[in-house]
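For clarity, chains are labelled A, B and C in written order, and residue numbers in each chain start from 1.
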Amino acid sequence: MRWLRAFINGIFITIALTQISLAQKNIIVSSTTSTEQSGLFNYLLPIYEKTSGIQVKVIAVGTGQALDIGRRGDADVVFVHDRVAEEKFLTEGFSRKRYEVMYNDFILIGPENDPAKIAVTNSVQKAFELIAHTKSNFVSRGDKSGTNAAELRYWKDVNIEPNSQRDTWYKETGSGMGASLNTASAMGAYILTDRGTWIAFKNRGNLKILVQGDPKLFNQYGVMLVNPDKYSHIKKEEGQSFINWLISPNGQKTIAGYQINGEQLFFPNAKP
Amino acid sequence: MADITLTNIQIVHNHRAILNISNKKIQCQSITGVIGANGSGKSTLLKVIAGLIHQSNFELLNPYKDLVMVLHQTPMIKMSVYQNLRLLKDVCPQLTNDRIEQVIKEFHLDHLINQPATKLSAGEKQRLALARAYLMGAKLLLLDEPTASLDPASTLLIESKILELAKTGIHFLMASHDFAQVKRLCHDVVFIADGQIQEQSSTNLFFSSPQTTAAKNFIALHL
Amino acid sequence: MWETIHQACLAVIYLDSDVWQIVFTSLKVSITALMVGTILGLPFGAILAIAHFPGRDVLITLINTLMNVPTVIIGVLVYLLLSRSGPLGYLGILFTVPGMIIAQSLLTTPLIAAISRQIISDAWQIHREPFLSLRLKLFQQIKWILWDCRFSLIIALLAGFGRAISEVGAVMIVGGNIAHHTRTMTTAITLETNKGDLSLALSLGIVLILVVLMVNLFAFLTKKMSEQKYG
């Protein structure tokens, strides 16, 4: 029947059409939800694409997952913010070199009425102690992300081990930064977030920045090329080209140029 | 005239024996009637001969290669009358469109040729089913109570068609519960009761002097 | 909340090209998955309805189960298959549209097969003996029973499309929600909600609902038309 043949032809043509866009050079970068949700990539990547002709496709998940995607060889480059996890990635041999790119800071957000009264201190460790002692609602990422790793380090520093089963004030969402902020906003809870995501976040409710500026809140971003010796398909030239651009004066200037409402979100600090 | 030999036919449904024929020969004249009470196994017998019901222990000796059954009611496919006939090209590739149109005319269906077949009246559907069986080149047609649900006018149309086709040498084995119809059309009858072929004889002989008790009771009940 | 909805409606009317790209990606993936599901699912459903063979009941139970499996599970399975560390990694189609099409085809095909099996099974009760008396071969029986049931089967196809276009688990995991490449309406809605941009999430939601609405309207009209013509 003619219509049957036409129908099947239609399928093949459609599938073929979906492939056409792949003619351009491209790489896959696995990064974190907080970085994507800050809007940095939307700003940065078109600029990079114009100068290099390379399309950058970003998968945004938690830091732990981003590194796992790299371990499976499903990304060419990983771009995350958890130094300890990144160094483990290196020693496991999944990358040969780590480059520091930029930093921002973490901030401690909480409800306006501040039941734990943490606003008086500018020490993140003191703040965490107060939250635990007053059993105030605290939202945790609980997802192997860079932010989560930092949060867990602060708890460890003050010898507190919150357990979401035993401590009902400690809520683990297992989600990205934005989703967790939504949850914190809805329940008026304390939450640790990176400044970039916070500036871009639109559903703040009655949440405010309560603690910032503590040197311990420093959040370093690193980028690594997945080891081409482990996976032969890794696009090492294009991947390295992207990394080189990020740490180049041009790339660093572009990063510094990203602002929301006049506020700079990320501070370039690549070593020359 | 040719004979159909049936051996070892045992059909059981819901623990009820519908047909139980160990060894019988059916002599099929020009138009042979199959009569019996409701549930006696008439339809089942026809379906067995047509090959619609089959079990491994059957033995069916049937000289007719081209035999087609027309069911009591034939649901048509949701397309036009013409298309329902044209689908026969799948099984008879040598069938031409001209031949199809010719048969449509012969069966007085030309005014319905493009109508949705599912919307035909019962009589028209039966004519269409008959036309389809005829188009398949059947030499023996098995009809299962073809006019049971039709009005007298449609019944007449179908009967005259059957007689017409019989004149061209096509044999008919027709189940019916209408005595008058059987007397009108059939030269011989086969009488079934309790799943067994009880009697076979010419129509006149059967009705005037039935041999078995079952036959006698059957005729008495339906008169 | 009303303010958000109001903004969302305005945004729908003045949609920008990014949003249209997202809508187009959704349609591309789900319509192709629908076509695959149709070509594979319809004949398979017909065979299950008509033919009797050992293992038939097992297959029927299997597709009825697959029909309802949570989409994330399909997403994880396909991800593991297509990952570079997985058996089909050499194809390199993880995080691409073809990969998403494969994942969604695994959703549409069992659904279409299961529903069409039921529809055809019912029709087969009626048509079985006439088809046998016409001496049609198996593939011819399949052809004609599919044709006869075509109006009801459209409902099966639209159910398949509905499952594909509105799911988020499989396309998120297999596609990666990459901006301008594998972002669909559902993954974009998830992203925008997580960014706290509820108004944009709602706009996309409105477009999605409109698409599903049109599809269901089409199904309804088709059924009505068929009933009028064929009774």
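Please note the rule applied: contacts are C-beta pairs under 8 Å (C-beta built on N, C-alpha and C of every residue); 3 or more make two chains touch, one makes a residue touch a chain.
As the structure is a prediction and not an experimental result, all values here were calculated from the model.
*Asks:* Based on which chains are in contact, what kind of graph results: line, ring, star, complete or other?
*Replies:* line
*Asks:* Closest chain to the protein's overall Cα mean, using per-chain Cα means, please.
*Replies:* Taking the mean of all protein C-alpha atoms as reference, the closest chain is C.
*Asks:* Where the centres are mean C-alpha positions, what is the separation of subunit A from subunit C, in Å?
*Replies:* One centre to the other, that is 33 Å.
*Asks:* How big is the gap, in whole Å, between where the Cα atoms of subunit A centre and where those of subunit B centre?
*Replies:* Computed from C-alpha means, the inter-chain centre distance equals 78 Å.
*Asks:* How many angstrom between the C-alpha centroids of subunit C and subunit B?
*Replies:* Each chain's C-alpha centroid was found; their separation is 46 Å.
*Asks:* For the complex, give me every residue of subunit B touching subunit C.
*Replies:* It is residues 47, 50-52, 68-71, 74-75, 77-79, 87-88, 90-91, 116, 118-119, 132-133, 136 of subunit B that touch subunit C.
*Asks:* Looking at the complex, which residues from subunit A come into contact with subunit C?
*Replies:* Within the complex, subunit A contacts subunit C at residues 7-8, 10-11, 14-15, 17-19, 21-22, 28, 33, 37, 41-42, 57-60, 72-74, 175-179, 181-182, 185, 200-204, 231, 233.
*Asks:* Provide the residue numbers of subunit C that touch subunit B in the complex, in ascending order.
*Replies:* Counting only subunit C, the residues touching subunit B are 126-127, 129-130, 132-137, 140, 144, 147-148, 150-151, 226, 229-231.
*Asks:* For the complex, which residues does subunit C have touching subunit A?
*Replies:* Contacts found on subunit C: 28, 31-32, 35-36, 39, 83-86, 89, 92, 94-98, 101, 176-179, 181-182, 191, 193-198.
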